[in-house]
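Labels A, B, C, D and E are assigned to the chains in the order they are written; within every chain, residues are numbered from 1.
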């Protein structure tokens, strides 16, 4: 085993280059419009945060090694090398100032999927030893303890007991052959215990068979955030093993954005084969239950509510209408932010930024874009469905002294269930 | 002991012609005709768009300025089986006819007349008597004593000015000039008159072809559309203008050219006994009556007359391998398969080979006539040396019973009191040119009326675009384009491959007539004619040579072939 | 355009359309020349032969300019016809050669065209010519 | 010698009046494409002008230029040779032949040494070509030109062949033909290109020399600006159709009949500088574009090799499909090779990539 | 080469073939370089198709989303103006159509010249504005490399030379036309080796973008 090094980084980058990457880099005309989609640039005004620029290390590897013309240029000394210093300099750009929200991918006029390439670029950063401390810590904890926050099953067990006592329901654990394996995120367990209770009540209400697994309760994937497919694969494999062991039909990703994209879209490719089960986000499941008439609710929230779409859920996974259907079920004064759905703005915390203490200032700066959006609509409360987003919203709104509480959609729904 | 007389340049012709004659006493016993300039147009044509060929070949000659254009578009049309609308054929006929009239008149007055007319002698003429002479032979209105006096005054001023310009060093006062002073003055007046007239006559080609010299043609028809409602097409005004021009041509031919020819001929009847030469004549025929180029409808019939035998006309096949062939035994060319054989034009070659084939390094006094001595080849029909041109055509018309021609020939001979054999001569050749001009000038009416009839009937098409795009052509095609040019039978042979010219050969009237001896030593028409009963009064002033040569109306640029880039002779010099 | 006395507009060729462009340019030039003439008394000559007329354009232009009250014919090296257009001060001068072929066609903006003026040198000799004729008449005796 | 009479004297002798002379000058101004206001200056110059001796040499030509000269309406060829110039040597028109003709040339050269105007039509085989390709009286064209040049005041190259090499010089230039300018180094040369030139342009240039005794203003091709200053296209009456985008597609369609622009039929008007559109041909009768024929570009150098006559000006001269296809194929091979290498690199990268382990990360931490 | 006509014939003849050959060679090589890299298999259960959304994005990405338009109206508008203007001048000018027809045998109706002329003039102004914008806007200035200015130049040159030639503002015309053709040839030659390849690859990139998003059920 060798040390992380520039050479390993370059090898990792080379391994990531494919036809889309080549098409994307061939097409960029430096129009700079991606900057107009990036909260980090918009809120700092610093042009170095222009998204396409964050890809410079990957671009150089592509140009120097994957184009004939670039090889000629490199031979003539006209194409600069990718050095360790360059990667060091780019660490901030690739981690601290990018949440991989993918908004730039949606506005690039030539169609470059920048987020796709940021994810790939991070592979090289990890391999060359240029990942942020915070993310390394999270990754190490996730692999070693099963949770990026170091949470143990016994902590969750306390939660379970609490839910069971307060609802009078049984929380199924390690029940095989049920319909759903429910995953959670450590942040939810710690910050938003209401979620588990809400799930228990809703599934009971709808008569859904579900279970938790003692082998694997954590849905988040620090490997995806840091950009290591090896670590990411390890974490995904745990979920797959648990689901297979319990022979569930479906796996439910909790109110967490990146967990969903990690399990839903990256997972099969990380382990190199399709799953023997389906993966859903909790919101998808809830909306399916609603559509099937299995959710009967009563009363509606009357205050002015608005909705924050988590990037991973909406823009990167296409779950957009589902949450609105559910909002309509329980809220009568719901108003969308101006740019929402696939064009929503990132809260500023995703993509590992929230785990990267060094990036706090940038994270707070990026939030100003969300804040401005919220201010424009003047809601009394915000609703979301991602623990990271919810934390960022709560902290941010508090910082700006805005008295707008943030609630999870699942919990809100649970509150309106018709009592049996 | 023979003496060599060299005439170079032969002037008042098109191109560069040199005649070397061997004299025994005062009689020519051997004559050698040499074209001394070569350009290489056939080689230049290779690889080009066949639709462009007309423009290149037209520049073979600016005098008979349309004939190579017509032959080239016909060659392409023949190769492709490309039909053209009836109007286009009629317009081409009108253009060809106008070219004939224009060219023959100019030849007679500006190129040939000075062989018979002594300009200086005209100064002695009495304008009144000249007027009387003019009025006795024609109704032409410009015949007053004042008119001739004006001409004489102008000529006098010119001669007395001391700068004779183009008239300097003519053989003035040569005993062979026999016209009385009055006839000379009349001819000088008509020399100037014809210069003015020809400018108008040339306008017919300008109307249909945009300019003259070198009017425009197009494969598949003509460039000018017909639309009576358009300013920009052939409309009523344009067609009326054509009518006016035709009228002007006919008037001049009837009232000036024809009477002048007969009047002058009357003084030179001895020239009806010399300058015949070969006695073989060839016509491809031309001027169809309908849309198709069908020899059965031609005004000029197709055929060959051998050994003066007008009772037997031989047919001609332009495509047959063994009929038309070109030889280079005495030409500055090489054939890849040997220099003694003949090649049909489809297989023709033109490899320049001046030094190796006997060309003498300039400056030279004398050619090496035992070897190559001309840039002209020697075309032969079934191995026969033949004459082409007006005389050939008039004989064909006469032999095939063309009524108008028979009438014209018979009355002219009667008027001059000459037998029909007089046609086979220098004088006969010149007279035949005049007579066929009359036939063609009159025929213009028929084509014009047919065109007007079509337009009235709403038949306006002038161009067929069916085979315009080279993509519609077969991969390989070959065709022969022929016509009767003013100077005689003209043929272009084209081989098309992949939409490009693979080979192009032109066998032109002056090659038939002016070509050198063939491998059997048989001379060409010029050479034979000069060797036929020609005596020189003064070897220093060989006027007699000019008379016979000019009676053919030489067009030498036409006659010279082109080089092939495969030979070492080819030089590519480009200065920019 | 050039004034009130032009031909009846109903019979005028329609302005506009590509065929008419060249003639329009000429008319503009004539207008400038007229103004210049009114202001300074200097005449202007426009050579119509050097214009890129479409077929029919010249005829239209001449029809447009119309005919005024004066016409003249000069015999000098062939005929020259002169006429005033319907626009006063705008003359057409058509020089032809002995074969009645047009040499030039000019528009002259002036009180009257130069070609009509008797050459000063000829007038100098006028008395002598007249005397000679009188003498001849006296000799011959009418 | 009475030859020294001026043109003014000659005209008056012929009974031409002062008024007639004025008219002659007006026509001359028009002929030379000068503004009519120049007529008085022309009159003054013509009063003094003498008939210059002209020696006209014809080399590799077709006589089209001479034929064109005879079509001039003003001055007419008759006026030209009787009044304007002394045409002392001209193959097609002169009475004398053979030795007598050559003597006329030599005498004129001797009598007017240093003063005669040398006119040339046709190209000539160049110094490196076989002199036998074109001879007159046994003398090569080059030698004859050089001899005549020595005593010439100026040279006028009539026609595209003399001016630019023309048809004989067209690819592959089998006779090594060159233009007059290629030979003449120390004498003024006026090029009067065209195949042939417009008749009145030829006479106009001669008249200009006669009137002003000097060369007209020339462009960079030594062409008189008065006649070659504007492109056909700029003076073409069909130009408005070009601007409107109305084009004839064939020679007998609606557009052709309506007189629409001939650009698509290959008209070279935009790149051809000549006077056809204004002077027109044969006494103003018509000109090629008016007769529905696209301009061939005949007054431009190399026009024979400028691509097909029916190819639009914008179309490349010779599209070498084979070369482009070959290049494309090479591109495919090169691209393929590059990719093969690249793919190997990707695979190698994948294989060489060492998995990142938590232990490593932890170490770093 | 001092002779403008010889120059014109050179650019229309051998040079044109060379330019086209280099363009064809380079472009094919570049496209193969891209395509043959391929994509790795994707085992995730798709929520949508790839082809449909990919093709859809090829088209829809031409129109900016409302937010981007609000934030960068200049980029969007001026970018549109000169791209459309350039295409009008390139594809709807009759002489160009003739050229294309001669090359590939396909033709289409053109626009009247004054329309093309106006489009060209607007395009020229828009391109100059684009350059000024690039020099002044912080993001663009920061992003720009020498190559960006090079491709601006090779894009601008065919337009300006074409405009000058059409209006005959430089002479003689064979020189003006020759310069225009040469400028176009430089454009062709440079194209495969610079980001001008986006003329082709942008559509590929858009397709990949649309396909990647489309597979996840997002309309991009």
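One rule holds in what follows: a residue touches a chain if its C-beta (ideal position, glycine included) is under 8 Å from a C-beta of that chain, and two chains touch if they have at least 3 such contacts.
Note that the structure is a prediction, hence the values are computed from the model and not measured.
When you average the Cα atoms of each chain and compare centres, the chain farthest from subunit D turns out to be A.
Ranked by C-beta contact pairs, the top pair of chains is B-D. If each chain is reduced to the centroid of its CA atoms, subunit A and subunit B end up 94 Å from each other.
Look at where the CA atoms of subunit A average out and do the same for subunit D: the two points lie 75 Å apart. With centres taken as mean Cα positions, subunit E sits 58 Å from subunit B.
With each centre defined as the average position of its C-alpha atoms, the distance from subunit B to subunit C rounds to 45 Å.
Residue positions 3, 6, 26, 29-30, 33, 36-38 of subunit E each touch two or more of the other chains. Subunit A has residues 17-18, 66-68 in contact with two or more other chains. Each of residues 19, 54-55, 101 in subunit C touches at least two other chains.
Within the complex formed with subunit B, the residues of subunit D that make contact are 1-3, 5, 10, 13-14, 51, 53, 58-68, 70-73, 76-78, 81-82, 85-88, 90-104, 107-108, 126, 128-140, 143, 166-179, 182, 195-196, 238, 250-253, 256-259, 276, 281-283, 285-293, 296, 298, 304, 308-310.
Across the complex, subunit D meets subunit E through its residues 219-220, 231, 233-234, 242-245, 247, 263-264, 270-271, 273, 300-303, 305-307, 311-320, 323-328, 330-332, 334-336, 338-340, 342-343, 346.
Remark: subunit C residues 19, 54-56, 99, 101 touch subunit B in the complex.
By the touch criterion stated above, subunit A contacts subunit E in their complex at residues 17-24, 26-33, 35-37, 41-42, 45, 47-48, 50, 52-53, 66-69, 105-113, 116, 264-269, 272-275, 278-279, 315-318, 339, 342-343.
Subunit D meets subunit A in the complex at residues 334-335, 338, 342, 345-346, 348-350, 352-362, 364-365.
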